[in-house]
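Notes for the one structure printed next.
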């Protein structure tokens, strides 16, 4: 190897490695930029009335997003009830019982469902949960979000269940546990961290979804009682206010966006910290 | 193993009939199997229902326009002439722009995190990047509208025109909204997926591979680029397909910055329209059954494109996976 | 895990408590044109009748028509009256007729954002048609310049902005253009959603206003109140008598006065109305109420609201720059309320 080639390789090495570091730095800084911008633009609008009041009529200054916050929470609850059990149990099926052709079909279909754009899911929920009963509702919105939660939950459940070492399973069975007992008391707890993380990520993902809510939850300036009336939601508020021309609405859009982001990030950070600091789910 | 080992009936149990079924049912394994099977099957049911609804509700439009729907440029609700081409074009262009930006950056960042960073730093940074993936689409749209669009109009656009104005993709009027802006926002949105999955995959590459390369005199970069990344090639490709799927269907952020105009233009500065955006804007108000049907058909097209992509991804991953295992 | 259970219970409790009530809930959707007015009305009405909650979503007139057709809302709202075809479709799908109730009068204005130009521009009918057809592309085009002597117009490209959603505001605008330009009529036509020859799309009046404000050298058609509330310049339009009129209550009321023969179903177009003082791009806007409402409480609430809207409600119109209904129309409408069964 000539000396020149060596120098070239060494320089390239340093250059490329630095580049990768810079890229990582760039990406991470985007996160802080987003947070920072939202805090700067929206932080000053976060006051008690913002959280507790209903929106004011169009063009008037002030008002709040109380109904949107509650609406979002209700929608998330529905999405969790509808989507998490199916995703979890189906994930268990694929990881523990899945036969070749059926298991493959389910997995493929799940990936398909995962890739379906949220707007198409919205159209589906409109056809299935709105038209037949002839009104927009929180339930329809929750249904749409629930359908989106299923594939994400399933994938992470299956992945983390499969990652549990065979030795654990065999150990349990050697001690006389039946298959379901093994799953319930040994495998699932071992994969618990990853599964819950996956579930929360799924919920956090749908918490910010607006598109499927456009034709299902529809929007509401007042409180939405129960589950069968249209409801406001944070992402919908951010969207409606952002595309308008009213400066006061823009201000509220930033604030609502900050609240939404805070909710999502707290959910993400809180879970991870509660379980274990990064990486412990890998390599038992 | 299983069932026979866990039942201890003294009398000889019947092997067939309803009593046997109930007995099997009391066996926890069977119950678990059935319950999980049902949930798995329900996914098939939901997806079939979705495809069915898409098919049925687009009937009018498919009957009237046939395959020509895919390459017709006009979208005219007054004279009831609908074509998908501008939307297909917009969806594809913005996604390609997004990948062109996100893949190199994302892969580089993932490499850094997997190969170079000390473990704790890598985990913490990966965590932060996962947080980026959690940022809702509207927030990206919000930031896109109020930061990127003005920047595109005042700084980035003129800068690109100045440097690369001879290329047709950088010609034409620059409004701030358009394909390029949408592509940039999409790139930021899909990067976390590429990084997260690629990093995981790179970390699973056996240490021996890397060490062998280094032992043979490769620099760290060479070991990474020529040995580790190719080994993880499958997973990385998977992450790219995942990112692409996300980009294709992204609605809100794109709607807020793409310009909402069904145009086909070589210029990246031109406003455009994506399939998801037009559905979001016009679905609730498509007066006229043919109009609504045309929108549903667009949804069907988007769905099919995703379907094909997924299919290709699965095939590629299966093939290279088998290749990888053999070597 | 325990925390999660607690949170779930709290939320369930929340959902349940908010479910218990005797409030009458009505859902309506449609036009963004009168949205500021309706939003104020429903707010005031709720304060005066705390057991009535009328939720209105401004998704565009096209949306109002489509959703009332599908029955997913209790009433719709549109500034483009339903066509005969749509009314027929409603009859077939829902087995009854649909009634139009005018609420207020408003105006579409050509708003613009030209850096350096603060003067009020005059737009001839030809100019507006040409701009939106794409035949007039620069601000200093003679058609525009000649109507504005003394104003220095830049040689910049006009950024045309229109609606991307199904819109009654679009209907009013294209109705006007179809009346004043044969080319427009044959090439594009009038509808809530058209195949625009040029321009960028904004979502709702809100979206168009937002775009006009952001884009230099842009022009967009929006309802008067949106231009006023957002401090966007708007120009005068040449009416059928040749005069340049700025949109205001007087101009719109003058245009409404020309609708002497109000048809029984209240569907009338007053664009390009005759008269020297008439603002040419004025329009009524309507609430779309199904003929038969099976739920007695809902029906009575709607009828009560309509009565209120035509009397007390009209007091709020001027502060938001909508013109109140002419007394002749109100009298006729009061009688028509009885048609809702």
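Things worth noting here:
Think of it as A, B and C in the order they're written, each chain with its own count starting at 1.
Operating definition for what follows: a contact is a pair of C-beta atoms (placed from the backbone, for glycine too) under 8 Å apart; a residue touches a chain by one contact, two chains touch by 3 or more.
Quick caveat, the model's predicted, so the values are computed rather than measured.
When the C-beta pairs in contact are tallied for A-B and for A-C, the bigger tally goes to A-B. Of all the chains, the one whose CA centre sits at the greatest distance from that of chain A is C. Centre to centre, using the average C-alpha position, chain B and chain C are separated by 38 Å. Chain A and chain B have Cα centroids lying 15 Å from one another.
With centres defined as mean CA coordinates, chain C is found 37 Å away from chain A. Counting only residues that touch two or more partner chains, chain B has 284. For chain A, residues touching at least two other chains, in rising order: 243. Across the assembly, chain C contributes 29, 202-203 as residues in contact with two or more other chains.
Within the complex, the chain B residues that touch chain C are 74-79, 81, 149-150, 173, 175-177, 255, 259-261, 271, 273, 281-282, 284-287, 291-292. Chain C contributes residues 29, 59-67, 69, 86, 157, 159, 164-166, 188-196, 199-203, 214-215 to its touches with chain B in the complex. On the side of chain B, the complex with chain A involves touching residues 1-2, 5-6, 27-29, 31-33, 35-37, 39-44, 46-47, 49-50, 53-54, 57, 105-106, 108-109, 111-113, 115-117, 119, 123-139, 141-143, 145-147, 188, 191-192, 195, 203, 219-222, 225, 245, 248-252, 256, 276, 279-280, 283-284, 296, 299, 302-303, 306-307, 309-310, 314.
Residue ranges of chain A in contact with chain B, taken from their complex: 9-10, 12-13, 16-17, 19-24, 26-28, 30-31, 34, 37-38, 85-86, 89-90, 92-94, 96-98, 102, 105-106, 108-124, 126-128, 147, 150-151, 154, 173, 176, 178-181, 183-184, 201, 204-205, 207-211, 214-215, 235, 238-239, 242-243, 250, 253-254, 257, 260-261, 264-265, 267-269, 272, 277-279, 282. Against chain C, in their complex, chain A makes its touches with residues 56-59, 70, 73-74, 77, 130-131, 134-136, 218-227, 229-230, 240, 243-247, 249.
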